[in-house]
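Okay, here's the structure, questions in a sec.
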Amino acid sequence: MVEIPDRETCLDLLSRMSLIRRFEEEAGRQYQRAKAGGFLHLAIGEEATIVGTTSAMRDDDYLIGTYRTHGHALARGTSADAVMAEIFGREGGTSGGRGGSMHIFDLERRFMGGYGIVGGNLPLAAGLALASQYRDEDTVTVCMFGDGATNTGNFGETMNMAALWGLPVVFLVENNLYGMGTAIDRHSAVTDLSRKAEGYGIAGERIDGMDVLAVRERVAAHIDIARNEGRPTLVEAFTYRYRGHSAADPEVYREKEEVEEWREKDPLVTFAARCEDEGVLTPEDVEKIKAEADETVKAAVEFADASPEPSLESLYDELYVVSETMGWYAVDERSPEPHRGEYGEDAPALAKELAESGAAHAEDEQEEQSRPGVRS
Amino acid sequence: MVEIPDRETCLDLLSRMSLIRRFEEEAGRQYQRAKAGGFLHLAIGEEATIVGTTSAMRDDDYLIGTYRTHGHALARGTSADAVMAEIFGREGGTSGGRGGSMHIFDLERRFMGGYGIVGGNLPLAAGLALASQYRDEDTVTVCMFGDGATNTGNFGETMNMAALWGLPVVFLVENNLYGMGTAIDRHSAVTDLSRKAEGYGIAGERIDGMDVLAVRERVAAHIDIARNEGRPTLVEAFTYRYRGHSAADPEVYREKEEVEEWREKDPLVTFAARCEDEGVLTPEDVEKIKAEADETVKAAVEFADASPEPSLESLYDELYVVSETMGWYAVDERSPEPHRGEYGEDAPALAKELAESGAAHAEDEQEEQSRPGVRS
Amino acid sequence: MTPQKTAQTEEETEAKVNDDSTESKDGEVPVLRMREALRDAMAEEMRRDEDVFVMGEDVGVFQGAFKVTEGLLDEFGEKRVRDTPISENSIVGTGVGAAMAGLRPIVELMTVNFSLLAFDQIINHAAAIPYMFNGHVRVPMVIRMPGGGGHQLGPTHSHSFEALFLQIPGLLVACPSTPADGKALLKAAIRDENPVIFIEHESLYGIKGEVPEGERVQRFGEAAIRREGTDVTIVGVLKMAHVAEKAAEILEAEHGISAEVIDPRTLRPLDLDTILESVRKTNRAVVVEEGWPHGGVGANLSTLITEQAFDYLDAPIQRVTGADVPMPYSKRLEQAAIPHEENVVEAVLATTEGAFGNRKDRS
Amino acid sequence: MTPQKTAQTEEETEAKVNDDSTESKDGEVPVLRMREALRDAMAEEMRRDEDVFVMGEDVGVFQGAFKVTEGLLDEFGEKRVRDTPISENSIVGTGVGAAMAGLRPIVELMTVNFSLLAFDQIINHAAAIPYMFNGHVRVPMVIRMPGGGGHQLGPTHSHSFEALFLQIPGLLVACPSTPADGKALLKAAIRDENPVIFIEHESLYGIKGEVPEGERVQRFGEAAIRREGTDVTIVGVLKMAHVAEKAAEILEAEHGISAEVIDPRTLRPLDLDTILESVRKTNRAVVVEEGWPHGGVGANLSTLITEQAFDYLDAPIQRVTGADVPMPYSKRLEQAAIPHEENVVEAVLATTEGAFGNRKDRS
């Protein structure tokens, strides 16, 4: 077992994990209230993997992840306000409401994005790492993705290129045992994912993704290899999501007992208990951390609620950079009669009707579910 | 060393290899005479890998390959006439001149195609094997591709699916040490390609692709695994192409000495020598085989030359099957004024001019090269 | 959906799947949701033909990301309802290979957005193979995929790719807008010898409609006239067929304009005749689509109509399209980027400008 | 090309690459082939900006499948001229990531045909990222790729995908037809902050043309009038710009018809104004492209022109397109599937039917 670090570090780790937990719970609640749209993928259960990883990174290292990355941004220091506002689709969001829950982004903290396409972030990570190498910088890129992503074509392609070019990148699989509703042994021929890149010349290690200290220590070691040996590695963090794949997942594919078993390894509970057991934190510390997380998340909801909707005039903003020496880009400008909605919240009745009737779970007989949602 | 088989078998193996060799040489010559267009990828040097493999297959097994597969079709028994005519783009070709050199096809002999897209044939092979499994047939699919193809996304995706589903397929890498002009250690982090699918649960073996008997024996063993254990494997045949990647390759990426070294392992010469040494074949046998190959190839050129160009009226044939219960498909029919060429050989001057000037090697200063060609 | 509820639903489904006449009483036409109609089409064809099977991400145990394959695993088992890894290009490629060997795969891509990863297998393989090998082999497969915006799925998850697929010779492209068409077109697609891109709309899965029972197979290349009219022809695709109908109602009620609404149902082949006949009568046309304006379905249709019926047109054809941006997540921006019936009405008024005045009292 | 010859060529190239004024004598404008012009654009920009680098299959040691990157490895070394494995989606994705970190990658896809494997990174990543992240990050990269038919490369290797790419908001699309434009547009593309799809034509690599030296940077969205005329406007893209010019000569010589020929040079943005101005003058238009007829460049242009200049059109716009088939290998069939100047002449005669008679003697 990894030795417990100093009080400051423990406070920091627990605070970040608690913030993520509370944030995700609240995001789920707000989604049920239809404050957020689209898909909502929560990382509850995976906090140790996230925080252990980010705590091993330098501020100038790059992090890149998936559509389940509210927590990753928070762990990097992005304000809960901005993440919640993004989920609400508001101007105050990390991307002004353009990206939504699946596409959180914070350049300042070098969180290079959440991405909706499974496996899509792997080559991007290679590119970020290539930039570090190209410029002789000693920054490292950490690329996080799910077990399901190891089956994508990008996985093999990117592993090979990263190994071939000795790119400073740590590939970290958040193996939560399921890709959506498909259990790992039903989607991957080899379930020991740490071995999966050996054929591409990338050594791997499986670590306990429920133990924040283990994650922190081992990821630090892998970052060190990337930074100092210029060699990519693959880390498989064994973890679990307590919630469904997304907000509207009936979870027919797993047994309640399995979830219960994993709940006993709850990364927050076990870490807090250990900190208390070893006398590094007091029960009051832990309570205080929770209370602060509550506060922060409550404030975030208020911020997001108060943040304005993006203006209709902003629809085309930022699509292109129009430089002086270049021609015009606003293609629509010259396209005649682009008759389309300018209605926003006041969208006409049918559109609303269709949107609602179309949502996979907007079965009218299912009154108990208060909001329509789609599953994936 | 594998024990030498009976005289019949040796005659058969050597005949097929000789036919391929002679065919390829002649195809190259005809290409220089502009009888063929497009790209021409010759397999000279790789005959043992091809013939060793096909000789281990049953007639009802499926074979699928790349754009370098004149020889594969010939080895399966497709007539040299039809392959040559396809290369000439004539009606008598395997696909009536539609596919050309890169896209040879012979359903009857279960040669399921050459494919121009690197890695594109891997999932197709999985699908063929799935069909065997689905129908409880004990047919096996052999899928051949180059070292460069192991870097494609399809490689990882398909290995995983084949292993996961226990598909009866043998993946066979024709490792000729180069993907076009890129040496294997410059394109693949792991150069022991037989190991490359271990991470996907597929065991591999490297074999001597220059020794037809070794190939035959080992591929037979792998086919056996696929057929009787329902398990895919990966075979890496170590081989070499003596010619350039395609007909117009200046080969700046390798040393003449390297080519010379490999020429000493010439699969035809070494096998013929061994057959003679061990007294299975006489020098006259070998001469006769060569003479027959010469004959066959000569006849093939004559056949191809005599075979008519496809008629202009056939341009839209076979694009769709129009079934009784279905609507019409000839989209062009209803598209007004599809003004385009109906000129064929008599293509107007500019088109010809452009086509010629555009070819990568149609540098007018390079008179020694009698025909324009493109490199890849 | 709660777990308890799910169990229930599965039982109900089971019943439906096993006996598709249960809902028909006293000669009444059963009313189904789009997803049920599509599921029934697959189930019926799978019962009819052993070679038909379904393959895709989460189509089995999970019952489909949008529940379209619900119940199929239970009835047909793992061999014929195959969950796959997340490997879009190879899933499609495996389907192509299986089809070449004579099976009839229905490949589900979880959404059109992920089809981008399979474009090589779709275009360079599925579409090209029959022609390239001179008809010696066929690729009888269906690639189903839902798309479209309206759910705040953001820039990577809201595409409308009808206009990409309709370009490709060798493919057929279907885009049903009603449960009845969904079922009948999918049955046709499964029986067809050609590779079919079958585009569904995520927002239409829940709509209900009468679905005649049994063997109705809808020929490709036959448009449906959703509403007859005399003043203007509105062509709408997928969800936009509904938006067009709604617009027609408004036009009738508020402007006295009689609009004919046409749903092409398949974009390749395209039933241009039906559209032309209508335009020759109305002399005006509006095309409504959810996709991007450049090179879209509307651009194609507008060109085809203008070429064939130039002399009949009293005004240039109007297009109503999605905005020329990746779909923003924000609800307000997303709604602004998607066409609504008001936009269609505007477009119709633009094309009929001054021609009819407010003819509300006319009829 | 023989090995000996190659060595020689490399030396020559070296000279050119290192001093691009060598060919200019006495104020004469140097004449270069398209591939040389493109190579010079890259070399000059790489000299100017350390962040510019080239990456792709066989761009280094092999000197490029079509020799476009010839000499670059020698001058700039392996760090900046990077041979890659055959991994199209990840090559593009790596470029996107590097661009997000501030580098300026030029990614070469060996041909457009293989871009199908990279559509996800191109559309869901390169094009979407700047908008999706609200401009907080940019993707300043160029994706170069040659395409087109005419070399008997068959059904998987002869695509024209201009019409696919022009649909996508977030991308810029260039398609140069002359060496001068090739160089100036590529320089612009490299300096641009937006992701650029840079489509070259395999048949144009060998054409020669005057290429003004130095810093000429061609703004995107400015069409070129290749030939002035009064009776009909012909718009041609890539190789078809040349076919259009040739057709104009025939029209002048044999039919007394004065055709204005326009090369849009970029399809996104599109300089519709220049085209409209011409059409308002000529009242007739023909669009020539090599791609498929449905949803093509021509369909898009025809619609845009008709919408904006309906009242100026004396006849429906004619399109000349490639045939609606995967490109057959057979030379005869391939030539039949590709537009030639005669087809353009026919189309022009159709659109001017009876209007001018044979005006050969008129001017």
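All chains are identified by letter, namely A, B, C and D, in their written order; residue positions are counted from 1 within each chain.
Assume a contact is a pair of C-beta atoms (placed from the backbone, for glycine too) under 8 Å apart; a residue touches a chain by one contact, two chains touch by 3 or more.
None of the values given here were measured: they were computed from a predicted structure.
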Which of B-D and B-C has more C-beta contact pairs: B-D
Chain whose Cα centroid lies at the greatest distance from that of subunit A: B
Geometric centre distance via CA averages, subunit C-subunit B, whole Å: 40
Length of the line joining the C-alpha centres of subunit A and subunit C, rounded to whole Å: 33
Per-residue multi-chain contacts in subunit B, two or more chains: 96, 98-99, 103, 115-117, 120, 151-154, 157, 160, 164, 186-188, 319, 331, 335, 337
Contacts with 2+ other chains: residues of subunit C: 84-85, 87, 89-90, 113-114, 117, 120, 124, 131-132, 154-156, 169-170, 268, 270, 294, 304, 307, 318-319, 324-326, 328
For the subunit D and subunit C complex, residues of the former touching the latter: 89, 113-114, 116-117, 119-120, 123-124, 127-128, 131-132, 154-156, 159, 163-164, 166-170, 268, 270, 291-292, 294-300, 302-304, 306-307, 310, 315-319, 324-326, 328
In the complex with subunit B, residue positions of subunit C that touch it: 53, 79, 84-85, 87, 89-103, 105, 120-121, 124-125, 129-138, 169-170, 172, 188, 191-194, 217, 219-222, 266, 268-273, 304, 307-308
In the complex, subunit A residues that touch subunit B: 151-157, 159-160, 163-164, 186-190, 195-202
For the subunit A and subunit C complex, residues of the former touching the latter: 36-39, 89-90, 96-103, 115-120, 148-149, 151-153, 179-183, 186-188, 248, 250-253, 309-310, 312, 314-316, 319, 331-332, 335, 337-345, 347-348, 350-351, 354-363, 366, 368-369, 374-376
Contact footprint of subunit A on subunit C as seen in their complex: 1-3, 5-6, 35, 57-58, 61-63, 65-67, 83-87, 89-90, 110-111, 113-114, 117, 150-157, 201-207, 239, 242-243, 246, 293-294, 318-326, 328-333, 335-344, 346-347, 350
